[in-house]
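Take this structure, written in structure tokens, and hold onto it; I'll ask about it next.
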């Protein structure tokens, strides 16, 4: 044992002192790692963070969201206007060429929109596309997109997940071909794809000069390495230059070593406890009592979890949304950490000795375990059931969970509808089933008047907090670790934009 | 002819064990000329097999073997390197074992194993080795020798396998052949055939032969000389004639009483048997080892036992001066 | 020999079918895969549509028969996750696992057999004790642990070997050692025990009496017979190793079938998991079948009935 | 050759069988070591509450990952430091021994029951029963254990009971193989035939005549399978599909510590070494028992 300890500490010592040139700045290649196998590079046929990262580099949307100003800018479109509540007209950029030389024009937009909007074509994340009814070519560089009813968040989606594909190529290659040989207009073109394993991107010299800007680094080489230790080992031995999603503890240690850049940035993902207030898992379950839910909110020391486990840019969250989202009202009821009050509330609710409950979770086991312990302190004996995401979602859809630890990333959509509307509109994942909240949300989601929207989201969020339907916990953060030879500024949407990474 | 092929003088074999040293063989001596057959007789565990293995240099490494003399055709076997011993084994001295069923390698054909015996010692090609193998298989009385070559041991009966073993031992025409209870594991009818075969071949090839056995009936038929061993010692030795006609040692007499002799043993007559068990040979062994089972044992048997000689060749080890033909 | 082969073959086929039925029903229990296919952001109607599309509402036996006939013609269905044919997916990954398996078993054999022979030649000697020590260590050391330690030493500290990937032969050294060391102890012990037993056999004495050298006795006469059970064991170990390559592949980021299996379990990618269980079983079955044939060939008592 | 003589010599000594056994046991260092270490681990597990004042579940987020006593900055209150939630590592290690031992014991018990029943039935009755059992053993061996175990645990959700049952249901093959051949060896011995001749029931013959003669082998297999089960559980936990937290299983501790292994190697070194020593001890015990009860099968 001692030998092994010795070995490891020696290893670290070597790592910390050896100031070697390991990044591949010399041959202009940035080696990065994915943690999970990406199912398909075709951006409409994956639902993974890794897919979004590739999508932003390879393809362009019609619009672009400037991360610094928060303003929409033209990307493949240069200007846009709402003709009516459900019709958006866009002027397209001229002279843009796809990676394969195909020229970009209205036909590409129409083809892409028509293809993805059809449910039978099986786009994985229907939410991203099912607001579109179809598209129509006005002239070669003008196009109209029709929505299914008023949809204020349309611009957000056009700047995000809706990427424009080359019509001729896509008609021929289809999603399978696109997955193996992706073709877009973005700052990087794809050199090679080994599905799930290895992706090589090359700078696209013919980039159209849109808001993303010309890429700086010549080659991006991405391998899938599932184990974070292996990633770190590769980082140390020079096999990798850029990794992200590094857990807080490791990031802290790496920062101390001062041999790589460690940058922390908050993300739009928030964690929360979902409590079965509606009694779907049993009308007599303790979570149906408001006082019990409030007691749970008081029982957990969210600040301590944030300070000691999540660290970085994470914040305690009180409202059921991410602070930067449009309509996210932060001025709602707050439940401070107060075990005595929690116990008192439990007693008032008729559980002076607490109760036993199954506590479901699918990620971040340490956080769940920490909450377990806090709950035990006030008498709630929670049995942790750690499941796969899809298995847990099944159970939730069937209304079998009375208490679960959930997280939601809002798909990086900076609008409260991306979170509240997902969970409080009496869907399968709504455990509150509050009619009043539903009504407010319906108004807020469909109105095109920002003031009306704000007001109604606020009403809904306040009631959610008062009733403690959810116990919002904290916002997440992400650590980006990369070679000192490179510069990179992360964004809250957790999307790594390779075209913004550059050598020093 | 006159020079002995094998001279053994004061051969001892010790086996170190956890409980002490096991003196398995103590002070054996005998000699053997070409064309002679020496039979070593004794019960299991009397050291007769160890003695033959010692001559072949096949004792396991942890056994200690000493001798005042161990000469084979003028070669001092005690001083030979393992390599030199290997060159002798199978070439000039050969051995046949007790268990024909397991003494052949099950993984190789009869032909492979026969030819190997020759090719290990002679620079001959496969064809030549094969011819020799066929010749010898014919000699040991195996019909259709050629087709047998490609057969595996498990396809042959015990008797046939022992014939193969004999053929294998004779591949290089050795000067000395040691047969360690070659017939014990075989059917009675086959036993006689094999023995006759051995005796015939020995005569034909003018070999010296050591036949280890516990069957006095066999000894009576083919031995020129007999060595009787008991608990690691030679208790009596002499020409076959002398031993059978004038057994001196009580053990030899006991053994002889155990064989039914056709014509002599009357139906229903009680055959002799020797009661008791062999003593432990661990630690210092003193006196006559047979005394615990001996009819005529006395207190003096526990101390040194004199070696007595009658005539040129006949020797025995007993405190009693036994007269030839004396009733026991 | 023909009868023997046919009998073995029949048994192998029967085992294959039973395993396929077991693995299919095992995963059938796992409940509704539609939700897994739908992905993280799917709505309830999406899931409903998928359920009908894939036919998850049909009875068990119908689904099994459907799957089995597909599998017989090499069609294992579509991966829910990658949305490509499972056969193609596995085909891409299998070579890595096979290579790893072959390297691993070779490493195990190349270390275990000489070590076992040497140990048997001199029981209780230093080499025997070393061999025993190595095998005891190997049996008690969790392979994931061993792998991590190797990475720390050889990749980080010494910088000799790349910690992950599969592009050059260097990438395979550590995974080979970890996987091989897992199989080594059993093979070593069996070789040693077999050699000890065989060395006591009468025919070894016969070989010595012929004047064969020790090397010849060891390798021509003894090992040939002692190796028979080792072949069976190596086949079994090879089957186990391929199934057990999951851990090694995940540590060293080798994108092989084992890693695919683990990920597919995590992703509820049912067709892939089913196919992989069947394929790993098939490997075991084929290897043991082949080893039976090799043994029959090595051991004339079986070959020449 | 040499052996015959030794056996003869051994017979000559004829000390009592018990004395021989005692001598063999104490002369076998591996066995003595195995027994001693295992005894210590069992004692530590049993007396865990007396050995540490800490509750293995009590967390203290302010005192996370305190190093163990031999490193700088250690807290004398936590001899082996604390884990990622500030729980006392020594307490978790001690209580974890209970879990690992329980997993090994119960998995071996379940698989032992299944395997022995099948093996004995096959060996004793032969014929069709044997065919069926042999076939089942083949099927079982063909299933990739780790993969199937992972899949089942993933489906049913990890918990101590599930893991024990899954391992128990997967590891019976060696029991069946060994029991079958052991029973085959004694089935036709004189005393069994004698019992049959005097009209003993099959049940009685199996339980009274056969089992006592094969129980040695059973115990040997049981110890080895126990070690096997413990290692497998650790592997499952490592892959994230073992017992559920906050249960202090050693496998789980390694998998939790793995995250920080490049920075705080002691986090996996401590449970890793504990696991290694435990498995080593059980293996040595099993090997030793085999050597002692059947010295001719040494290997």
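Per-chain residue numbering starts at 1, and chain names A, B, C and D are given in the order in which the chains are listed.
Please note the rule applied: contacts are C-beta pairs under 8 Å (C-beta built on N, C-alpha and C of every residue); 3 or more make two chains touch, one makes a residue touch a chain.
Keep in mind that this is a model prediction, so the values were computed, not measured.
A comparison of the A-D and C-D interfaces places the larger number of contacting C-beta pairs at C-D. Comparing mean CA positions across the assembly, the chain most remote from chain D is B. The central chain of the assembly on a C-alpha centroid basis is C. Averaged C-alpha coordinates give centres for chain A and chain B that are 90 Å from one another.
Centre-to-centre separation of chain A and chain D, using mean CA positions: 45 Å.
The geometric centre of chain B is 52 Å away from that of chain D, both derived from CA atoms.
Separating the centre of chain C from that of chain D, both taken as means of CA atoms, is a distance of 23 Å. Shared contact sites, meaning residues of chain A that touch two or more other chains, fall at 4, 8, 11, 229, 233, 236, 388, 391. For chain C, residues that reach two or more other chains under the stated contact definition are 31, 148, 152, 156, 205, 250, 266, 268.
Within chain D, the positions touching two or more other chains are listed as 1, 154, 258, 261-262, 265. Residues 4, 7-8, 10-11, 14-15, 36-37, 39-40, 45, 47, 119, 124-128, 175-176, 194-197, 223-227, 229-230, 233-234, 236-237, 239, 388-391, 393-394, 397, 411, 427-428 of chain A are the ones touching chain C in the complex. By the touch criterion stated above, chain B contacts chain C in their complex at residues 56, 58, 82, 86-91, 94-95, 97, 99, 102-109, 116-117, 120-121, 151-152, 154-155, 165, 168-169. Those residues of chain D lying in contact with chain A across their complex are 57-59, 61-62, 64-65, 84-85, 154, 157-158, 244-246, 256, 258-263, 265-266, 269-270, 273. Within the complex formed with chain B, the chain C residues making contact are 201-203, 205-214, 221, 224-225, 298-301, 304. Chain C meets chain D in the complex at residues 11, 14-16, 18-19, 22-23, 26-27, 29-31, 136-137, 139-145, 148, 152, 156, 189-190, 192-194, 196-197, 200, 205, 236, 239-240, 242-244, 246-247, 250, 258, 261-262, 265-266, 268, 273, 276-277, 280-281, 284-285, 288.
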